[in-house]
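One chain, subunit A, links the two complexes that follow: it is found with subunit B in the first and with subunit C in the second.
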Partner chain A sequence: MTRTALVILRKDLAIEVRTRESVPAMTLFTVTVFVLFHFGLDRDTLEGELAAGVLWVTLLLAAILGVNRLFVSEREQGGMVGLLLAPIDRTAVFVAKAAALLLYLLLVQAVAIPAYAILLLGPDLFGALPELLAVLALADVGLAVVGALVAALAVETRARDLIVPLLLLPLVVPVLIAAASATEPLFVGAQDADGLGGWLAILALYDAVFVFLAVAVFDFLLED
Partner chain B sequence: MEAGLTLGVFGANGAGKTTLLRVLATLLRPHGGRARVLDAELPGEAWKVRGRVGYLGHEPLLYRELSARENLRFYARLHAVSHARVEELLTAVGMERRAADPVRELSRGMVQRVAAARTVLHDPPLLLLDEPRAALDPGAAELLEPLIGRESGRTRVLVTHDLEGGLAESDVALGLKAGRQVLAGRTNLDELRELYR
Partner chain C sequence: MYGKGLRPLAIAAAITTIAALGLIFFFAPNDADQGFVQKIFYLHVPMALVAMAGFVAGGVMAIAHLRTGKRSWDMRSYVSIHLSIILGLGVLVTGAIWAKASWGKWWVWDEPMLVSFLIVFLLYCCYQPLRFSIEDPERQARYASVFAITAAAFVPLNFAAVRAAQAFIHPEVLSTTGGNMPGDMRITFLVSLVAMGLLFVTLWKLELTSKHTSEQLRRLRGKLERANERAAEEAPAAESGAHAGRVPVAAGSS
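Now for the complex of A and B:
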């Protein structure tokens, strides 16, 4: 299964490198929203819960762009039929798609977080970077898993551009709450992030539940 | 149907020919009745069929941004087929010189040749072919004959609107009208023409 997932992931990454459709669009969207908040709030800097909220809502909305395009090559070029006809464990398709989305999110955040620190964030981020990276990693896993699941669910529907946000956003509310709550103390310059461990545990639990759920139902989602 | 024979499927647009192929390929669940493919009952034993059918439908099932070789290698890995088989098929369909070009840069006929190579990549005993010679010039059609034609020796289900050619290629014919079987067995051109009236 791992070998098949790697084969599909390599194919997806090769197509993304050539088309540059997902990661650049997600990155541009993220930075543009930061600029919009900069002018919309008429603030040079943000901190605390407002800073955490703005960051995570922006990242979630950017993730929707990636989720919408996750199965685009399968949908538009018939690749899904090719995958369905192959004698493979279909869970490998889910693993590959979730891994691709996770990579896209990490790449976007490699640009978005420094851009946020420069454009909007008040407190110095450098001291809290290890904690922030832990929150990002766990939240990204959750987004990738749920995103791949929702993308598979919406792939054959006509109104998928509407269905993806309508399904995805309610499902990732726990990620938003936990990630924003874990990030908030990091954005007030606090040295000891209060309750960070608890929020990280909630994110890890969310990830585990949805990985289990996705593996259990993904095969059925790909049936007609 | 006995192994090695060709079933020609005929019928007007919307008669259910492509749907039948998709059911046989395990891509659609039959709403009623029974389907038995390669000794497996569908849809319950669909997993036994996957990987043993070659499906050549309206879509080539090739990624436009990847080259012909990359596409075939991708499917070869999914079907646990060697890269040597990919090169062998690229030569067989006369695409070895354009193998590195992205599929989006190939002509329709070239794409169909690569799609035919994809269809037989894993040496399937059963071919499900929907207008397989669409967009092919006579030379290319001849090139594909050993792979997807009667010469291949494989069992074939062939959907075509070319009544004369299809009838000549078929051992058994199936006529469909509005999703129902109206003709089965040996037939002639006049009976087939009735399907389209």
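Now for the complex of A and C:
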């Protein structure tokens, strides 16, 4: 199963490298939204809960773009039939898709977080970087798992690009709650991240529940 | 087979609903500091609990559908979720009225029950758009079941997250929805809860029966149509009107 998943992942990454569709669009989107927030809030710098909220809402909205495109190559070029005809474990497809989305999110954040620090964030980022990376890692796993599940749910619907945000956003509210609450003390300048462990535990619980759930139900989405 | 037991169920639901209304208005005491308006609690909380139970039951029935492959389980799950969405709208409206009356605002964000209910409601609002934008009926049932299971698992997770966010800001969350009620209030609440539950089950059964009946009717009409076509072919054109096999079909029935 691992090998199959790696093959599908490599195929997706090759397509992404050649077409450059998802990651550049998501990155550009995040930077544009930061600019929008600058004018919308009329603030030059943000800190505390406002900074955490703006960052996480932007990252979640950017994730929608990636989720929308996740199964597009399969759908538009008949790759789905190939995947379904292949005698492979369906879970491998899910693992590959979630891994691809996780990589996209990490790449986007590698640009978006420094851009945020330069454009909007008031307090210095470097002191809080290890904690922030931990939050990002756990939140991204949850986003990637839920995103792959939602992408598979929506791919056969007529209004795919409408269904994805409507389905994804309520499902990731717990991620937003935990990630924004965990990030908030990191963005106030003072280095006391109280309650960080609790929020990381909630994120880890969320990841575990949805990994389990997605593996259990994904087979039924690719049955025919 | 679906209609069986519907009548006693409906009678029981009607009796308990009337009893609950009687208890609410004439028996339960007015709340000490909220007064008469607190009685919306006997409508709001049972509705919320029954809607939640309906969402989770929809998920359990969806599991049964995916395990057995029987379409009837998907139908049960669909009707349960669909009724719960309607109840959910009632929960949000009564919750807003209660909030306005007792806190002076139509919406408050520090009541974790209400807030997590809103998120769950928004998620389930997507059930029907998702379901009906898939054309193949077999796939529609399967995808709807996957959604129902995912969303049902999300319900407790979401509540835990919202609760954690509240607990962080307000260490002790005031329990307005339960806890230690005096006896008279407790009895009224329990009767209201049973009434709402029975009402839900009755409506659920009624809708299933109606769906099943119209499905059966459609099948029978199709059969009749085919029989008529066959009869028309067999009978010579001369006496087609008086042919014994000829059964009139209502116009527009196909």
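The rule is simple: the second predicted complex is superposed on the first by the 223 of 224 C-alpha atoms of A that agree within 3 Å, B and C clash if a C-alpha of one lies under 4 Å from a C-alpha of the other, contacts with A are read in each partner's own complex, and residues count from 1 in each chain.
Please note the rule applied: a residue touches a chain if its C-beta (ideal position, glycine included) is under 8 Å from a C-beta of that chain, and two chains touch if they have at least 3 such contacts.
Small disclaimer: the values here were computed from a predicted structure and weren't measured.
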item: Fit or clash - subunit C, subunit B, common subunit A; value: fit
item: Which superposed partner A:Gly195 touches (first subunit B, second subunit C, both, neither); value: second
item: Which of subunit B and subunit C A:Pro174 touches, first, second, both or neither; value: second
item: Most subunit A residues touched (candidates subunit B, subunit C); value: C
item: Touched partner set for A:Val23, first subunit B, second subunit C, both or neither; value: neither
item: First, second, both or neither for A:Phe220, with subunit B first and subunit C second; value: second
item: Superposed model, angle subtended at subunit A by subunit C and subunit B (C-alpha, nearest 10 degrees); value: 80
item: First (subunit B), second (subunit C), both or neither touched by A:Ala86; value: first
item: Subunit B versus subunit C as contact partner of A:Glu156, first or second or both or neither; value: second
item: Smallest separation in angstrom, by C-alpha atoms, between subunit B and subunit C in the superposition; value: 7
item: Footprint overlap on subunit A, where subunit B in one structure and subunit C in the other make contact; value: 223-224
item: Of all residues in subunit A, those that touch subunit C in their complex; value: 149, 153-154, 156-159, 162-163, 166-167, 170-171, 173-174, 177-178, 181, 195, 198-199, 202, 205-206, 209, 213, 216-217, 220-221, 223-224
item: Complex contacts: residues of subunit C adjacent to subunit A; value: 66, 119-120, 122-123, 125-126, 129-130, 133-135, 138-139, 142-143, 145-147, 149-150, 153-154, 157-158, 160-162, 164-165, 168
item: List of subunit B residues in touch with subunit A within their complex; value: 25-29, 47, 50-53, 55, 57, 59-66, 70, 74-75, 77-79, 102, 118
item: Interface residues, subunit A side, partner subunit B - complex; value: 3-4, 7, 11, 14-15, 18-19, 73, 77-79, 81-88, 223-224
